[in-house]
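The two complexes that follow have subunit A in common; it is paired with subunit B in the first and with subunit C in the second.
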Partner chain A sequence: MREMIRRFGPGLGGFFLALVALWIIGMVLAPNLMMLNFSLKPNLFPADIGGPKDVYTVSNYTALFGDSVHRSIFLKTVWGSALVMLATLAITYPLAFWMAKVASLRGARAMLTLLIIPFWINEVLRTLAWFIILSFNGPLNAFLLGLGLIDAPVRWQGDFGVLAGMVYAYILFMLFPIYNSISTLETAQLEAAKNLGASGLRIHWRIVIPHAKAGIATGCVFTFMLAAGSYVAPALLGSPGSRWFTEIIYNWFFEGGNWNRGAAYALILLVLCMAVVMVTLKLFRVNLADVAK
Partner chain B sequence: MSKPRPVTPLDRLSRALPKLLFAAYLTLFLAYLFLPLVIMSAATFNTSKFPTVTPWLGTTLGWFQELWNDAAMWKALWLSLGIGLAVVAFALPVGTAAALFLTSLNARARGIFYAVMVSPLLTPGVAIGIATLILWRQAGIAGGTFLIVLAQATFITAYVMLMVVARLQRFDRTQEEAALGLGASKGLIFRRILLPFLKPALIAAGFIAFLQSFENYNTTLFVRGTDTPLTVYIATKVRTGLTPAVNALALILIALTLVTALVMELNRRRKEG
Partner chain C sequence: MSHSVELIDVEQAFGDVKAVHHFSAHIAGGEFFSILGPSGCGKTTLLRLIAGFTEPTKGRVRIGDKDMAGIPADRRPTAMIFQSLALFPLMPVWENIAFGLEARGVAKAQRRKRAEELLDLIALPGYGDRMVHELSGGQRQRVAIARALAVEPQVLLLDEPLSALDLKLRQHMRAELRALQKRTGVTFIYITHDQSEALAMSDRVAVMSAGILQQIATPQELYANPATPFTARFVGETNDLTGTLRGLEAGLATIATTAGRFTGRTGLGLEDGGRATIFIRPESMSLSRIEMPNSLSAKAVSLEYEGAVAILRAVSDHGQELLATIPNRNLADAPQPGEQIWLSFAPQEALVLADA
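Here is the complex of A and B:
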């Protein structure tokens, strides 16, 4: 603080400090604390606020576990997000390794440019693309019918559609961190291991994966978080039977009219994501600064 | 020592197999990445009222016309552009100030503030929207453009902060000391030394910030009130009456993305020489 004033003078330094305070206090801390406070209060009529019924309670949190439908949707969201994370990891790891260590510099660079394009395209549009492909009379069913693999069109929308759309939307959040961390590995290490007779699998298990753990952890954290907090894919690619936890939260706010419970559910989602971040970092022994790179 | 076996075609195949498999994997991956976008774009030119490429009912450019005549689309587009600019105008100075603040701290304090500052990036977008909505309701301000800008800026500022911190790590503080020794004021030093040094990072960060804002859906959804930015417009269309006019919009946005990606890439290569 004093250093800021010393470096930039009281005017400019004070202005910078005010901006930082506005952001951290006004936009990060205060909203979250208010949300926490809100989630611990019952849903009251405006007239009752401040009255005898206005007491702290954890009922908004316990409601989730008491309601079997909501509980199963919550668990499905956790499980589905983990599935998205694992699928993207399995699909992208070979490519990341190839780009970082096998391909020529030109090849890797061309690939990178090619991959950045879908990365920049709006998530809503990427999901729309899958909406079209998976639609009942859409290209996927037409293709499979044409090949004779299916006899009648399949309804893809639902759990399958949601997961497929998410894998598609978030796959590059897994690829890029892994690619970045593998590219810092000395190729000589791989050659040494090979010359000493290590098998391909062993080289990956003992050298590449340990070296790339920060990238893998980053990719896992982001894909899980994005999937768990996703709203577009479930809304566009789901069916009434495949609701996602974010949709339940949305309903509390804009259809159920119980903001307090919605706030509690949102906090549960937030805590879930934070817990996944913490556990992943611990598991991979990586610190936060490596992830935010 | 036994004599080496002659190389059979089978050996050749088993040696080539990993390469073949990898080539197949690469092809499939690229197809997976790009076919959906190609199909979505191609559907723009099909006369079919529902966007698809199967069956192909006839080729038309009519959906561009319909998109052009859609007043709601224009309104949503202008709103998104305005929100994007407002977010950039907020996130650039605040993110820069945060980065300077962070680098002025000792290691312990830096760790704590760093965690608080990057936490919006590790928070689900819906939670940021909800927290903003709840806080401002206490002040009697309901969802709308103002809250969209605030909620988006909450996490976009963190991106700016990270990019500026990365650039600051290569800054040589002795330049500032030299200028101070020569009698320059602190404001002048900031304007003439630090700011020019940060300029490339600020341009890149401004660009990323705008894009993040323009593409945002999750956070926006909760704080939008009755305002409809472009992403919300598209998602609503999908559910209430999707026609290939939306594909025309997607095609235009993809084309713009392609051009920007190419320009950025060429620019980067030119700089690297």
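Here is the complex of A and C:
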């Protein structure tokens, strides 16, 4: 802070600090505190607000755990997001390694371009494309039927659809941090390990993954948070059996008209995401500053 | 006896560029063999071929009488010391050293024990739990050597491992490497662009230029009887005078140059009337104030005192730079800059080689 004022002078430096403060207080703290306040009050008619019924309560929080449907959707969102994270990692890690250490410069660039081009299209439209591909009478079923791999069309939409759509949507968030961190690994280390007789698996386990762990942790954190907070993919590619917790929150706000309950659910999701970030960072022994890099 | 290494007509091309042309060499088991050449001459490519990181485009690599075609780097009896050392920065020193044993499935207690033994060997006892970044350049160097020796390789491949060290340490490590090689009996193949390193340590040296093998010889032979003009110029300092060959007899060749006629020993590939160059080492030049047979008239330019000897720089009457060493005991007789002198040499101490 002092550095900032020293460098830009009290006028400009103070202005920058005021902007940051405005951002944090106005855009982050205040809305969340308002949400917290909402979540701790019962849902009342406008006439009752400020009246004797307007008291603080935790009933909006206990409601989630009391409602077996909501509870199971919440838990499903947690492990579903974890699954998305793991599936994305499993697909991305070999790809990132190939791009950073195996492919020629031209090959890596071509792959990167192919991966980025779809992201020029709006997320809803991209998800809609998956909706068409995965639909009951859609191209994927037609293709598999044509090959004779399946006897009857499969209902891909639902759990599988949500998983596929999210992995696809978040792959770059996983790819870039991992690719960046593997790129900084000295190739001679891989050769040295191989020269000493290490198998490919051991080279990854002992050399590449420890080196890239900050990137892997960053990618996992991003992917988990985006998946847990995702709305479009489950709404389009899901089925009644694969509803996502964000849809429940949406319903409380905009269909149930119960902002208090919605605020409580949203805060629970926020706490969950923060817990996952902390646990992941602890697990990888990485601190928040490494992720920010 | 450790394994021999045989390179049979090896060729390596990257696209249209040939990094190594028709290279053949037989390196005996337990030999300290150096490959010497300027950077970009293909010597590292050759080392990577032996290690198995690349397969030759043509030709064969045999280690211990076994053809290495199709055998990947992790299953060859070689260990390599990289120019950058390539130590693993996230592992403590002992795990670095024991990494090859870990890859071979040796139990942890035994790995640790072996690592400690090797730390004793490289005179770094008790350093096992340090991290690589806590070590000095010379210590890292030794850890890299221990890591390579831990897998008990038949052949140790060293890619300019001393180039990052300062002069004193480099000279110390030279002696240490040589002693280590004698003690372990492992075949060493050592890559360097530093001719004094190659001459000081090796049993034999291969000189390479632009992917082409120039000569394989002992250090003494290489210095006294270079086979090609490249080797003559690259190994040690030399004076050279180019001209046309005018007469070959009894092992002596005479060439006519713009500075006069000179006689030296006959080298390879000489043809009467062809272009040839005579090479004279600075220490073979003698200084005089009168004209002698086989002498050049020149003007002294400078005298650089180096302790044991002084280096006299002179320019011949035809504008060519000349070098002569003057031993300490003759220093009183050294010419002043600008003085006109004669530099002469015995025919037995000069060598005439055909121009390529």
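One rule holds in what follows: the second predicted complex is superposed on the first by the 272 of 293 C-alpha atoms of A that agree within 3 Å, B and C clash if a C-alpha of one lies under 4 Å from a C-alpha of the other, contacts with A are read in each partner's own complex, and residues count from 1 in each chain.
The criterion applied here is as follows: a residue touches a chain if its C-beta (ideal position, glycine included) is under 8 Å from a C-beta of that chain, and two chains touch if they have at least 3 such contacts.
Because the structure is predicted, anything quoted here is derived from the model rather than measured.
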Fit-or-clash call for subunit B and subunit C when the two complexes are aligned on subunit A: fit
Partner chain(s) touched by A:A129 [first = subunit B, second = subunit C, both, neither]: first
Touched partner set for A:M166, first subunit B, second subunit C, both or neither: neither
Partner chain in contact with A:A217 - subunit B first, subunit C second, else both or neither: neither
Partner chain(s) touched by A:V286 [first = subunit B, second = subunit C, both, neither]: neither
Which superposed partner A:L29 touches (first subunit B, second subunit C, both, neither): first
First (subunit B), second (subunit C), both or neither touched by A:E186: second
Partner chain in contact with A:A266 - subunit B first, subunit C second, else both or neither: first
Where the C-alpha centre of subunit A sits as vertex, the angle toward subunit B and subunit C in the overlay (nearest 10 degrees): 80
In the superposition, subunit B vs subunit C on subunit A residues touched: B
Touched partner set for A:I91, first subunit B, second subunit C, both or neither: first
Subunit B versus subunit C - smallest C-alpha distance in the overlay, whole Å: 5
Residues of subunit A touching subunit B in the complex: 1, 3-4, 7-9, 11-13, 15-17, 19-20, 22-24, 27-32, 34-35, 38, 91, 94-95, 98, 113-118, 120-126, 128-133, 135, 137-139, 142-143, 168, 171, 221, 225, 228-232, 235-236, 246, 249-250, 253, 259, 262-263, 266-267, 269-270, 273-274, 277, 288-289, 291-293
Residues of subunit B touching subunit A in the complex: 22, 25-26, 29-30, 32-34, 36-37, 39-40, 43, 50-55, 93-94, 97-98, 100-101, 104-105, 113-128, 130-135, 138, 150, 153-154, 157, 162, 176, 185-187, 190, 211, 214-215, 217-218, 221-222, 231, 234-235, 238-239, 242, 246-247, 250, 253-254, 257-258, 260-261, 265
Interfacial residue positions of subunit A with respect to subunit C in the complex: 186, 188-189, 191-199, 202, 206-207, 210-211
Partner subunit A, residues of subunit C touching it in the complex: 51, 53, 72-75, 78-80, 82-84, 86-88, 90-91, 99-100, 102-104, 147-148, 151
